[in-house]
Structures are given as structure tokens and as C-alpha cells.
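Here the chain labels run A, B and C in written order, and each chain numbers its own residues starting at 1.
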Amino acid sequence: MSSDIILYEKKSLPSKVTIIGGILLVLGVVLSVLSFGADNLRAYYNLIVTLTMLYSVGLGALFLVALEYVTSADWSVPFRRITEIVAGLIFIIPLVSIPLLLNLDTIFVWLNPELLHTDSYVAGKAPYLNTNFFIIRTLLVFAIMFGFYYVLAGRSFKQDKTKDPSVNKLTSRLSAFFIPIFAISITLVSMDWVMSLEPKWFSTIFGVYYFAGSVLAALSTVTFISIVLYQNGYLSKYIKEDHFYNLGALMFAFVVFWAYIAFSQFMLIWYANIPDETAWYMHRAGSWYYISIGLIFVKFAIPFLILVTRYAKSNLLVLKIVSVWIFLAHYYDLYWMIMPDYTIKTASNSPVYSWFELSTPLIVVGFVIVVFMLIAKNKNLMPVGDPKFKKGLEFHL
Amino acid sequence: MENRILHSVTGLFHSADEITQAAKEVNKAGYKKFDIHTPYPVHGLEKAMKLKRSTLGYIAFILSAIGAISAILLMWWTMSVSYPLNISGKPFFSLPAFVPIMFELAVLTASVVGVVLMLTIFFRFPNHSHPLHDTEYMKAVSSDKYGMVIESDDPQFDIDKAKSFLSSIGATDIGEVYWDNNELTAKKTIFDKKFIFGLVGLAIIVSGGTYWLLNKAMFKEPFNWMMYQQKLSAQSPTTFFKDGFSMREPVEGTVARGYMPYPYPADSAVLAEKYLVNPLEPTVANLNAGKAKFNTFCSPCHDYHGTGQSRLNGQFPNPPSLQSDRVRNWKDGHIFHIITMGQNTMPSYAKTVNETERWQIVLYVRALERAMNAKLEDLK
Amino acid sequence: MSTTELTYEPSVIAGKPSLKQIDESIIKPMNEVPNKKFFIAISFTSTLLLIGAVALGFTFYRGIGLWGNNNPVGWAFDIVNFVFWVGIGHAGTLISAILFLFRQKWRTGIARFAEGMTIFAVMTAALFPAIHTGRPWLDGYLFPYPNQHTMWVNFTSPLLWDVFAVSTYFTVSFVFWYVGLIPDFATMRDRLKVNSTADKIKKKIYGFLSLGWRFSNRHWAHYEMMYLILAGFATPLVLSVHTIVSFDFAVSILPGWHATIFPPYFVAGAVFSGFAMVQNALIIIRKVFDLEYIITLDTLEKMNKIMLLTGTMVGYAYSMEFFIAWYSGHEAESFTFLNRAMGPYAWAYWIMISCNVLSPQFFWFKKLRRSIPFMFVISIFVNIGMWFERFVIVVTSLSRDFLPSSWDYYVPTLTDICILLGSFGLFFTLLLLFTRTMPVVSIAEVKAAIDGSQPTHHSIGHGEDH
């Protein structure tokens, strides 16, 4: 009886979307290349923002996949394939890392021989902060990402054809195993690429802070793409408002979680007032002050007040707008974390934003679209082989 | 026949599906004053009963905002206006430090006031005299049956029609519920005598208890132990020392900070002359400083020009003039020595002016002497 | 393997009891005279409570000097016990509020008991800040009321935030618990057979406590909304309370205390230790009260998974702290962590590591997750380990900080230990009394969760209902 009901019908995605994504990507790359010619250091910093944004969305999406398996959630099963495809962003991360890995000494002060000579604190970190170990750690994270993508997403892709329900058991175990490994990976990414820009500063919660933002970035991407696909008939007609409500509720929860982590980090450093630690925040005061205050509103107050209402979470247009907003808010966050170090190096310490910086959103959005379209080609946009697929569609509040 | 007033007609159902269907039917039939009782909340029943969405969500949100604002006002007033204290250099209005309490009070207000509002205003609880209490109907619906009541004050209520309607939609155990006459006449308003007396009594007990606790009990043993301590307070008598003083003198040989012993005895100005040299240059600053000190401390006896004809007018023996040749021929160290140790009637000024100031005075005295004995070459 | 087997979601209640049977099995303890086992248990816990009360009495009369606190270890058992008990309270709120928000049905059987544990744990915890003030009778000054000194409390101090946080947490948990109990009190009011004067008094009390609840669906609608709101508020409240407790330490400049990761680290640790305590209590309760069909093995297994997750989070925090202590290059920081592992308190540190990081790792194995004796033992280890974690944090960081000439070793006195025993006595006595006077399982929630209790929702392909 149930086999007569068609839960999902595959429609092929329009190629013009790929073209649009490609144009954005090319434009972004062109801007980036031109910026290297104009101001080398600034271009590298923007490339770091790009890289960390890609890590956020890609690795964050892989985490969301694992999270679903670990919690045995039903409602998110219809969206899992989209999340898996978005996680495919991890494959272009090595590409983006290459220009950075070849020029670590231009970017990072802990490779500056004069500083290593005079500053004993920085020199003391050399066993960890040196080119070789840095590259090894980067490669390790690549290996982890690719390996777990293969087992988590790969098994799900295969399951579409075999429709073998026993696949879930091992995937769930591997997901549980992935969670702590993911924690370490994302901590390494945040500490190596962002925290070490100011090597004398440190914060034990930094990995968690970056994690919170990453989940938001990934979740908002998945939400936006899911709504767009649904509204254009690419997903099952059995998906309801209730499913998107849950995505909105999850975004809300992580907005609050991010704010909690951000506030904890700030308040503890402000309270103890130790110059070693406050330095990082002081660099984001002065002419960066309004941007810092703006972050609170952009990434917390406004999404909070919107998503707390039932209306926002049930209205697809509002959810789309909020998803885009949160995605850009994470970009804002990364920009705020990374660029002040550049402006200090150039002794201006005032925020800069011009065509240089535009390369980042163009490249990231371009890659999201292009990678999605390429991976989604010839694949189902929903995990039809998953035994919980039907139950997931039946979910209601 | 007792003159009892009918409250409602009741019927029981036996499954969640049945009661949901029944809710839809009773709405279709046009009844407005009906109610449904279930031992646990049945999903979808609000929709079937066409109930409006509860406003408690908005109320809770507003209450939380009120809580947060009250908290920030409290903290602003106490920490920044009423009694600001410098606590490890934190600003008087330190928002990061105020956030935790803002959050806590927001949650507290929303939860407690929200629940109290729900119970007292929405439900009008406590209400132990509702006609449905202690009926077989209530015993059934509080355990395992689902019930519906159609109240007698519904506009289209007719007891037989209501009963037949209930059985038509599948209800069993159709019954009637009556008001208890004494409960009907008992009007429970907020100005209930018992309640008011209770409140007043509570107020008296609480305030009296607090007063006794804070103003009387805290002064009894053992709570008052810390008020009477054996430590010695400044300027108070004590039995601890034989002389009855709390204040003690410094131990013999105690010196003040920065104290340097002056090695030349009072009568050996010669030695002082030989070894003491003025370390200061006669700069404008030094001379001005010396002038200030001289005018303050030395001029009462020596006069502003050092002549000895001071404004004391001989009430105190006039000192010999500083303009004399004898003094002019003294070295700086001699003058310094006299200021330090005193001479004849002049006391020691060592405690009044410190060493630097003494040398500055010396410089000034020299300037005075030169001024009184000016030669034509000095003008060039 | 068939599809149904793998999508099998264990139903909340094993078997298919009727609503009346649920009533009876849950209300049974309140209708019967307790058996010998109960009396033995409660006399044991009351003895512990009495020991603690005596020790406390002496402390009030003679002063804090009876404790082992010295200079520099000004905080010891008092604060360690405080954090320990507050942490245990958090598991209860997590089960009743957070799992409710995540719509995890398996919480139904254990939510009421967990909430009760929260309240008793918070009551026990709140004792410690109250008694450690030296002159506890002046504790009223902890609250900002206009007084004759025209002085106010220090709102910038985390110790004061604690006062607000713990009071709020207790009040809100109590309200949440009470709101959940109202329908159950009404059920008990209606079901109690009045056979004696004692029963009449019982019925009057339950009736009074039920506030006149009539099970009207017009009320249920508001009730459900309020319950959701309370759960929605209780969730961030739980996080904030233990965060504020962590701020007690993290706002300082002491190495080993001042780490930005303390807030989520403490919250994860609280959930971890709380679940272990709940696990221990539940395993006993389900056996003693024949509630195995409601507190199922699947429920216990899920709790073990949560313990594994939070235990791993705690392990992550340990490694981050350790790494950053080296990375920071600050000698005092690195020394603190080496001192923990190899200094005079190394014994406490290694107990902590083996109990917190190693023991929950056994829960990776399904067989061990589903073995009741094994999980009981592991939960005890976790409790011990988490107590020692707070001990290590508080005492080792204080006993050896910046100035070696100020270093000293802390040894608890008999009074300290008796008060700790008394706290366990208080907690378990209250818990035992709770089991006999109120329903340990939420009657209304369980009824709402069993199969067939909700209107049939038609699945896709079998006709639409709405």
C-alpha cells in the first residue's frame, strides 16, 4: 500500500543556477587575485576569512549530519541529504588553503625570526607554532573530514540504491565516534588559523566559540537551500511547515548558545582585566568599537527577537531572510575576529572594507552553489533509502 | 423536592478519538457553554473545541522584559547613584557584570508571575466549590474517562435535548450535576473576610517577627558576640595595659621613615662647615623655594631681609643680623648647621624644613646678603 | 532485518497498561504503610542527616574555625559541596525541561522524580553558601533590600549573582514541579478511598494542594502553554545557574580558575554528575516500587549515552585547559596543571581522571550500556569523580598559587566530613519522604504518552485527517 505512494520524485536541478554560482565564484576569485597585487597582506587575511567561513559551513554541515544520527532525530531526515551535499564544501578547502600554506611566514608573526628572538612568550610556543607541525595539523583535519565524509555521507548516498536499513546502525556508531573527533578538528582549525594570529593571546573557549558560529553558518545555509528547493518543488510535497519550524527553532537555540559563549569569553576577560588577555578585545575597541557592538545586535539581538516568535519560525519567507542574515552575521563575526590583526600590523587599526573584502562572500557563496550543484547532480535530494524517511515526513509538531 | 439549580448535563467517552470527534460535534450543534474534561491533555482537542491560542506566551515575554528592566534599574540605582563604590576599578555602571542578574530576574519574573497569573486570573484558582467536584463524573475523568459537560446557562440549553444530543454522539453515563445551595450563595471575592484577616495577620506576624529578629534577637547572646570584641580601639581605655591606655608609644629607638642621623653635634659648626657643601645650584626655582620657606619660617625673627629687626619688635630677643660680615664669611655648611641644630634661643628647624629646603634657604640667605651689599659690578 | 525493527522506537511504557492500572501502580506507595526496607533506608539517611545537623550546630556556635579551611585555602569543602549539589540538581531540570523541548518521549517516566531530585539537591546546595558566611544569621544582608546602613549588595560580584541564580533556580524549579503536580494531586484527591481519619486529612491536603483542578480542557490549553514556557525558561536557567557558579572561579586571576571555558565546562560537568546521581536513584526506585515498566531499560540506556556525551565534553575541557596552560607560556599556569597531576594532591587528580574520563568510556559498548549492575557501579564512580573534580579545582589551585611562601596543604576536619555526610542525609531523606507522599512518576504525562492515548494520526498513504 505504501509503495504506491510516491514520497519523493527526483527532478533535475536547473543548470543556470550552476552558471550563476560559477559567475559569482569567478568574480570573487578575480577580485581576490587582483587584491593580491594591490595589498598582499590584506589579501591573505581575506583569504583566511574565506577559508574559515568554508570550514564553518562544510565541517559544520558534517557535524549536523552526525548530530542527526546520534540523536536518532526523525524530523531532520528529509533534510539530511541537503546537509550532506552542503558538507561537500570540505573538498575545496584544501584548494583554498594552498596559497595560505605556502606563505605562512608572511601571515603569521610566530614565524617572524626577529620576534622569535626578542619575545620569549612567542618563542616558547614554537614547538606547536611552526610550519611543519602547522601543515601536519592541517592535513590531519583534511584527512578526518574526508574520511568521515566518506563513511557518513557516502554510506547515505549508497543507501539510496540498496535501501538497506541495516546501514544506519554502523553510521550511527561512526557518528557518535565522529563527534569528539570533530570537536578536536574544529578546535584546531579555530586555534591555528584565527587564534594564532595574535600568538600571545589565548582563550580556552575559542574552539567552542568558533563551533557555535559554524553550526549557525551551516544550519542557515541548509535552511535557506531547503526552503528554496521546497518552494520550487524539488523536495517531497509531504514536507510541512512543522519541519521548517524545527529548523528555525534549532537556529534560535544556536543563536542563544553563540551569544552565551561570546558573552562568557568577553565577560571573564573583562572582569579579570589581565592586560595579556584584554589585549585582544582592546584591539577590537577604539575605531573598531562600533563594529564590535554591532556584532551583538547583528548576531544575537535581532535574530533572537525575530526567531523567538512563533510567526517567524512558521513563515518560509521570514525564515529565508533570517537564514541569509545569520549566514552574513557569521561572516561578520569572522571578519571581526580576523581583520583587526591586519589593521594592527599596518598600524592604522581602523576597519577596512572595500572591494578587497567582497571577494570573500562572492567566493564562499559561489563555492556553496557550485559545489552543491555538482554533487547534487544525479543524486536524490532526499535520503529515500533511509528507513526513517517516511516517519520523518510524517513528523508533526 | 429540593429546589436545586442545575449546573450542567454530563456524559462520558472512552477514547481520545471519541472525545475529539465529540468536540467537533458539539461545536457543530451550536453549543457555546460546554467543556471537556480529560485526565491528561489530548492533542488536537483545542482545535476541535475551537479554542483561541493561549495568550500566556505573550504575557510571559512581556513579564521577562519587565523583569530584565527592573533588574537593570535596581542595579543602576544602587551601584551608580545611591552608593557608588570603587570595586577593583570597575565602572559604577558595569553592564557586563549586570547581565547575569538581569537574566535571572527576567526568568524569575516571567515564571513566577506567569504561573500566579495563570492560576489566579485564568483559572480562578483556588476553587474548591465548583459543582463538578466530588461527583462520579469527576472521579471518572480524573482517572481514565473523557467527559463532556454542557452547562445550563448555554443559550440553547434544554435538559432533555442536551441529554439526547449527548447520547447521539456516543456518550455513556449521562448524568446531571447540581449546584450545592450553600456554595452557590457563597460569593468568593477578594474582599473575603477570612482572606483579609489572614493577610493582616500574616503582615503582623512577618513585620513583628522581622522587627524582633533584627532589633532584639541580634543583640542577644550569642549573636552579639561580635559587637563586644577584645581588640583595642583607638583612643579608648583598656584594662589590658597597666597604664589603661590603648594607644602605645613607639618602642625606644624608633625612627621616622627617611630618617638620616645628623652627624655633627650642636656645638661643632666648624666640622659642619668643613664637610657640608651646598649641593644645590642657585637657580630661579631653588631661590624661589628658599624665599618661600625663609619668609614662612625665618622671617618672624630674622625679618624679610635678614636684618634681625623683625615684626616681633623685641618681644622675643632679636637675633643678630644675617647681613653682618661675620655671617657673610660663614660657609654654607655653617648656616645649614645652625638651621638644623639651632643656636642659643633659636630652636632646631630640622623637623620643619627638610634638607633640600634648608639648602634652598641657605641659597636665599646668600642672595639676601649679596642684595644688601650690592656692588656696581653686580648690575652688569 | 525488517524496516520496523530498525525504526522501532521503544514505547515509553512497556506492555499496555490501562489508565486505571497506571493510576493504581503510581499511587500505591501513598496508600500503603511503608515496608521494612523503607524504614531501614530512612533511618540510615536520617542518621546521616542528624550527624550533619550536629556538626552544623557546632559550626554555628563555635565558628568556621572548626573547619579545615586555612590560609590560603579559604574555600574547601563548603564550596566543593555547593558546586557538587547544584550540579546534581541540573540533571533533573535537563530531564524535565530540556528533553521536553526536544520532544524526547522517554523522559516521561523519569521526569517527575528528576524534578524532585532537582529541588532537593538545590535545597541541599543552598545550605552551603548560607552556612559558610561565618555569621549565617546575617545572611539576610545578601539580598538587596533597603537597610539602615543604606548599603547595598555588590552587584558586580559573582557571589551575589549566585544568590540570585540559586534562588531563582530553586523558585522556578519548584514552580515547574508544582505545576506538574497539580493534576496528579487532583487525581489523588479523587481516587483516595476514605477509610479513616488519616485518609480524610490526606484527602483534604491533596485537595488543597490541587487548588481545585478540574481537568477541564480549557485549562489544559493554558496549562500546556505554561508548561512549555516554563520548560523554555528553565533550559537557559539551568545553563545560566551553573555558568554563574563557574563565574565564581573564572572571574578571578588565579591560574587553574581563570579559564574562559569554565561556563560550558561546568554545565557539561553538572549534567554529567547529575545524571549519574539520577541513574543511581532511579535504579533503586524502579526496583523498590515496581516501576520497571515505566522506567524502562531503554530509558536507562539513553541516560548512559548522555553520560558518555557529557563525560567526553568534560574530557575535552580538561585537554583544552591543559593545552592552553602550556600554550599561554605563563609559568604559573603551566605549574598549576603540573602540580595537579604530580603535586601533593595528585591522588585526588588521578581519582578524578579515572572516574570522569575513563569510566564512562565503557558506555561505548552496548552490552555494558544495558547492564544494570554495571551502570550502577559506573554511576557511583562518576559521582565520586565529579566530586573530586570540584575538589581538585578549588583546593589545589588555592593551596599553591603565585607565592610559594603562602603555599599550604588543606586537610578536612571531622566537622567538614560530617557536614558532607549530612548533606547526603538531607538529600536522601527528603527523596525518600517524597516517594511516599507524592507520585514519583507524573501520572498525567505518562497517561498522555502511552500507545493509544492520543487521537490516531493518519500517516501518509492511509488517508489524511486534517
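Just so it is clear, a contact is a pair of C-beta atoms (placed from the backbone, for glycine too) under 8 Å apart; a residue touches a chain by one contact, two chains touch by 3 or more.
Note that the structure is predicted; figures quoted are calculated from it, not measured.
Participant: Going by C-alpha centres, which chain is most central here?
Facilitator: Located nearest the centre of all protein C-alpha atoms is chain C.
Participant: Higher C-beta contact count, B-C or A-C?
Facilitator: B-C
Participant: Averaging each chain's C-alpha atoms to get its centre, pick out the one most distant from chain A.
Facilitator: The chain lying farthest from chain A is B.
Participant: Can you give the whole-Å distance between the Cα centres of chain A and chain B?
Facilitator: One centre to the other, that is 44 Å.
Participant: If you average the CA atoms of chain B and of chain C, how far apart do the two points sit, in angstrom?
Facilitator: Computed from C-alpha means, the inter-chain centre distance equals 31 Å.
Participant: Mind checking the centre-to-centre distance between chain A and chain C? Centres are C-alpha means, answer in whole Å.
Facilitator: The separation of the two C-alpha centroids amounts to 34 Å.
Participant: At least two other chains touched by the same residue of chain B: list those residues.
Facilitator: Correct list: 57, 97.
Participant: Got the chain A residues that touch at least 2 other chains?
Facilitator: Only 267, 271 qualify.
Participant: If you look at chain C, which of its residues touch at least two other chains?
Facilitator: 236, 243, 247
Participant: Mind pulling up the chain A residues that touch chain C in the complex?
Facilitator: Where chain A meets chain C, its residues are 1-2, 4-5, 7, 71-72, 120-121, 124-125, 128, 165-166, 168-169, 176, 179-180, 183-184, 187, 200, 202-208, 238, 256, 260-261, 264-265, 267-269, 271-272, 274, 276, 387-388, 390-391, 393-394, 396.
Participant: Which part of chain B faces chain A closely enough to touch in the complex?
Facilitator: Against chain A, chain B makes touches at 57, 61, 88-89, 96-97, 99.
Participant: Of all residues in chain A, which touch chain B in the complex?
Facilitator: Interface residues on the chain A side: 263, 266-267, 270-271, 273, 308, 310.
Participant: Spell out the part of chain C that touches chain A in their complex, as residue ranges.
Facilitator: Chain C reaches chain A through residues 1-3, 5-7, 9, 102, 236, 239, 243, 247, 250-253, 258-264, 309, 312, 315-317, 320-321, 324, 327-330, 364, 457, 459-462.
Participant: In their shared complex, at which residues does chain B touch chain C?
Facilitator: 15-17, 20, 35-46, 49, 51, 54, 56-57, 60, 64, 74-75, 78-79, 82-83, 85, 87, 90, 94, 97-98, 100-101, 103-105, 107-108, 110-112, 114-115, 118-119, 122-123, 125-130, 132-134, 138-139, 141-144, 214, 218, 222-223, 226
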